[in-house]
Amino acid sequence: MTETLAKDTYMTTAIAGALRAAMAADESVVVLGEDVELSTIGCTKGLVEEFGADRVRNSPISEATVVGACVGAAASGLRPVMDLMFSSFFYVAMDQVANQAARLRYMSGGQVDLPLVYFAGTGPSGSAAAQHSENPHPILMHLAGIKVVFPSSPGDAAGLLIASVEDPNPVVFLLDLMLAGAKGPVPTDLEPLPLGKAEVKRSGEDVTVVAIASAAGTALEVAAELEEDGVSVEVIDPRTLSPFDWDAVTDSVARTGRLVVVDPARRTCGAAAEIIARVAERNWADLKSRPRRVTWEDVPIPFSPVLEEAVTVRKDSVRDAVLAGVEEKGAG
Amino acid sequence: MTAADNLELFARMARIRAFERKVQALFKAGTLPGFVHLYIGEEAVGVGACSVLTEADKITSTHRGHGHLLAKGADPKLMMAELLGRETGYCKGKGGSMHIVDYSLGILGANGIVGGGLPIATGSGMADRILGRDQVTVCFFGDGASNQGVLHEALNLSAIWSLPVIFLCENNHYTEWMRTEEITAGEIADRAEAFGIPGVQVDGNDVLAVRDAAAEAVERARAGGGPSLIEAETYRHHGHNEGEEVFSGPYRPQEEIDEWIARDPLARFRDECVKEGIATPAEFEQIQEREGDLIEAAYRYAEASPMPAPASALADLYAEAE
Amino acid sequence: MTETLAKDTYMTTAIAGALRAAMAADESVVVLGEDVELSTIGCTKGLVEEFGADRVRNSPISEATVVGACVGAAASGLRPVMDLMFSSFFYVAMDQVANQAARLRYMSGGQVDLPLVYFAGTGPSGSAAAQHSENPHPILMHLAGIKVVFPSSPGDAAGLLIASVEDPNPVVFLLDLMLAGAKGPVPTDLEPLPLGKAEVKRSGEDVTVVAIASAAGTALEVAAELEEDGVSVEVIDPRTLSPFDWDAVTDSVARTGRLVVVDPARRTCGAAAEIIARVAERNWADLKSRPRRVTWEDVPIPFSPVLEEAVTVRKDSVRDAVLAGVEEKGAG
Amino acid sequence: MTAADNLELFARMARIRAFERKVQALFKAGTLPGFVHLYIGEEAVGVGACSVLTEADKITSTHRGHGHLLAKGADPKLMMAELLGRETGYCKGKGGSMHIVDYSLGILGANGIVGGGLPIATGSGMADRILGRDQVTVCFFGDGASNQGVLHEALNLSAIWSLPVIFLCENNHYTEWMRTEEITAGEIADRAEAFGIPGVQVDGNDVLAVRDAAAEAVERARAGGGPSLIEAETYRHHGHNEGEEVFSGPYRPQEEIDEWIARDPLARFRDECVKEGIATPAEFEQIQEREGDLIEAAYRYAEASPMPAPASALADLYAEAE
């Protein structure tokens, strides 16, 4: 294993570093999007100075066509990385994501590889309100044909971004904006982390908590607190949602017999629903209590801080769900 | 245009300026949730255009919407309360800076999606046309938004159905931190021509010039003559959003900024009015003071208002059927 | 109750009749979309002759703007009904659906009603391939802010369409193209059927099958066959997916203790996942065997008939799932 | 243009005609899955344009794509097998009529989404420009597609980046069953102007006229002169899709149909060639026979091919990383 670049690397810096490494390693990698030269989020900062205006290009506000252009470019020998800035803007370009990027390889009978990455900041970032706070991963998971990466730490983000750029398929890489200011260790010598591999962020015996992106940190805090109460919580971070590491979840629930899913997305037809359905299919006999989920409420993200907090994932809800699962008598 | 009309135009610009200055101060003090895009420097566009509208006429606005809303008559108290996330705000704290609406004043909404208002304005015009009303809709959008495909579609739809919609592009030359001309082919006003729609460029820092162009377009629309495109050249004195410097660094030449500040739409209009004897400098100062007081009162109202109850977050998604 | 218009009314005719009734009842109802004058699917046929070109207008291929125009029009006193033809085209207009139609009322603090209906044919219709065969209901359910109607019979379709047009909210009304040629009774005197009410299409004791749109017919066939084998199947058709009649499902599973969901949509984050997750939350103690789902495979819909059949809902899969549920020993 | 060049143009048009006639017969016989949109009457556009392309050049196509594909060199056997849903088809039966691609020939795909190819062609041009290749991309789209916003965006992007893309609008005057002029403001070719892109109208039933216009645009693109828009006026002899009559009834004036059939691109080009002594009527008949045989052979190949294994439906979604 490699030594760490720094113990305290920001998530955005880690991603920028990974992107720089990917561009240096492969000339066909290009970066485009609105303001990628100066970089609003910081993940493409400095790239134009290093790699030139041909490979790093500011694009107009034309998301549908730029997203679709990545498909045409990927089919023609480039490896585009497009920064969509906020994931809410995927909706503007959804046809080119859903009907084109996610379909062309399959519809062609596998004739073409489409190595491209759509990068976006995502989720609430503090009163950005409904049109700048979506988490689109459940929709992207449902589409099929697009890989979805949604990491929880700078180290994971860096390794997964390298792998995303190297992957021959369309990948949506999401940066949870709640983590934009988070820090963590990143290896100096960046290596790809495989897509489709979950990580057990904390081992435990009593209950499995599957927690996505920023929810992983919340789950870890809850786990640490509950240890003092004698509850042993295992925290699994899927890291990539498509492909999904179902075995990691199944194996864990087979041991713990209990499941709580923490998904920063609206409830209905979200990732938590899917994880619960799979566990019901695979781990029926293992389950000692009903599976539970902690998600956003089924409303748009409101503006006012008190309202935003009310509808998103709160630590106390996670704690309550874990305790309820542990305390519930086996049934079913 | 009576003297009073002129002072009314100035007063409205002064109200916007005072509102935005207050918002800026609040942002700096860290007491404002979210992020804000200020309209300072562009006041003549919103005020000039809205000055020829009736209360029944409608507008759609943008992420940089405070000025449009105030120009159309929105209540600064309810706006400020919304910006502070209060229960008494226009949207009960659910919308915030980019989502303020007042349907009673024909304000169909600011919009956080660049270009998002173009289809909505088109539909507003469609309703007026089908229902046989003589209302018009002014659709504000930016130079950056002019590269969204919905502009093309909205122009086409408005043209074939002869809709009473005025597409008003505020060209402040920047799309966030990008110079718009580097990502935009040709002149925006020219994009109307292929659809048979009149397209004009106007000095967006000259409130009377904007007013005149808008008046012509509005008259045409009311008379059933269909849509128009107006491109108003202007400039934002501030950043794309408050606080951007930390990330963007400087990206506009200082001379450019200075040049445009020298063409400040308020100072310029005041000076012209003074020159023409419409009012004295002191009278203008009084107006600015009055509007400043109004905004301070709005702030006090907002500040004293309660935060919404957390449970209210679950309300308002659906209307109940009667 | 009213007498039936005809025992044998086509689904498309029923919808056309309901639309005609809605237009006659309320002058502010207008219909727009591509080819609504001649009507490719048949649901808007004859309307222009009856109501004139002002209220029935062909629109250009500009889905994003026409979908968005409905929002502006609905906020300004019209009740637009837009025909999108194929639901795959929602992706082209997704920003105006997801960021505007589904959000404006909430973001405005409830200031405005948006009475509008987006109508679309949906799902596979026989080798229409990936870009004309989507079923978007799971995505729409996830969005929140849009009601979703997806009926299985002409009578339900007619009553639900009346209610959709009368509803003060954005409604997506989906016509399962597998049912375009289906017939059934429709009352002469059309009355609205409430949105959010499921119907028990067949009562049974041993297992609850929740089956959406054309899957309801499949489930009823399976239920009839299994009766001979002594298995009593209850078939619930949700009819509207948002709002969803959770109580109807909960009550049924409380009696039967077994659940099979048949959802014509890709599996991951689909409606079936949500229904299973809710039942796990609400009916844990009732469940005698693991809940099961029969869905499409997680791939785009392929063109060739043999492939299309392989990835969509088949009767034998439904039958197998029901039997597996009944035979499984209680556990969990 | 040698005589052989002329005959080659004719032969390719004849191949398309024969292919489409066969498809029509199969549809009528009920042996074709799904629905099809025939290119009969429009052959001169695809053939004229593709005749100036190299194999390395690329095209994007539409729902009415058979003609474009054959013009670019696609194998009728693999196309026919795909239309019949066979394992040996271009897409192993996964794509069908609207989704045929052949990347080895630069055919980036037919597309079931109207306007779907516009962004893809733009990206193809972007890749060529960045990678310094002198390839061009021809983006076929319909008059109906000209009202999609992505046209506006693609024109702008291609213009600012000077991309080697030729936007080729096949104006057959109908958008399904709607007369396009009733839902379209102005002339389509004029939509290029505001972006500083040359836009021309050309007789789309004259294969040499299309070829010339395409040659000029291709030359400009290869030389780094950026994009062009060509609007080719033509007509589809058949319905929007086969079998439409049942639903649509007649919606085009019979005189209009007759007029355009009298301008059939094949007969017209043949007659001109005969008049100029390039070949005899008998030679043209031979070509048509040869191409007809080729299509019959393609059909036999397709017919004899097996259906794909059901389990193959689960393959090909993702590429394996090396």
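Remarks
Just so it is clear, A, B, C and D label the chains in written order, and each chain counts residues from 1 on its own.
In this text, contacts are C-beta pairs under 8 Å (C-beta built on N, C-alpha and C of every residue); 3 or more make two chains touch, one makes a residue touch a chain.
In this text, all values refer to a predicted model and were calculated from it rather than measured experimentally.
Taken together, chain B and chain C share the touching chains A, D. Chain A and chain D have Cα centroids separated by 40 Å. Centres computed as Cα averages put chain A at a distance of 36 Å from chain B. Annotation: 30 Å between the Cα-based centres of chain A and chain C.
Per-chain CA centroids place chain B at a distance of 45 Å from chain D. Among the residues of chain A, those touching two or more other chains are numbered 59-60, 62, 64-65, 88-89, 92, 95, 99, 106-107, 129-131, 144-145, 299-300, 302-303. Under the contact definition stated at the top, the residues of chain B that touch 2 or more other chains are 91, 93-95, 99, 111-113, 116, 147-150, 153, 156, 160, 182-184, 317. Chain contacts here are complete: no pair of chains fails to touch.
Considering their complex, residues 58, 60, 89-95, 99, 101-103, 108-109, 111-113, 116, 118-128, 130-131, 137, 149-150, 153-154, 156-157, 160-161, 315-322 of chain D touch chain A. Against chain B, the residues of chain C that register as touching in their complex are 28, 30, 54-55, 57, 59-60, 62, 64-78, 80, 95-96, 99-100, 104-114, 144-145, 147, 166-169. Chain B makes touch with chain A in their complex at residues 33-35, 82, 85-86, 91, 93-99, 111-116, 144-145, 147-149, 175-178, 182-184, 247-249, 251, 307-308, 310-314, 317.
Residues of chain C touching chain A in their complex: 88-89, 91-92, 94-95, 97-99, 102-103, 106-107, 129-131, 134, 138-139, 141-145, 242, 244, 265-266, 268-274, 276-277, 280-281, 284-285, 287, 289-293, 298-300, 302-303, 331-332.
Residues of chain A touching chain B in their complex: 34-35, 37-40, 42, 58-62, 64-65, 88-89, 92, 126-132, 297, 299-300, 302-307, 309-311.
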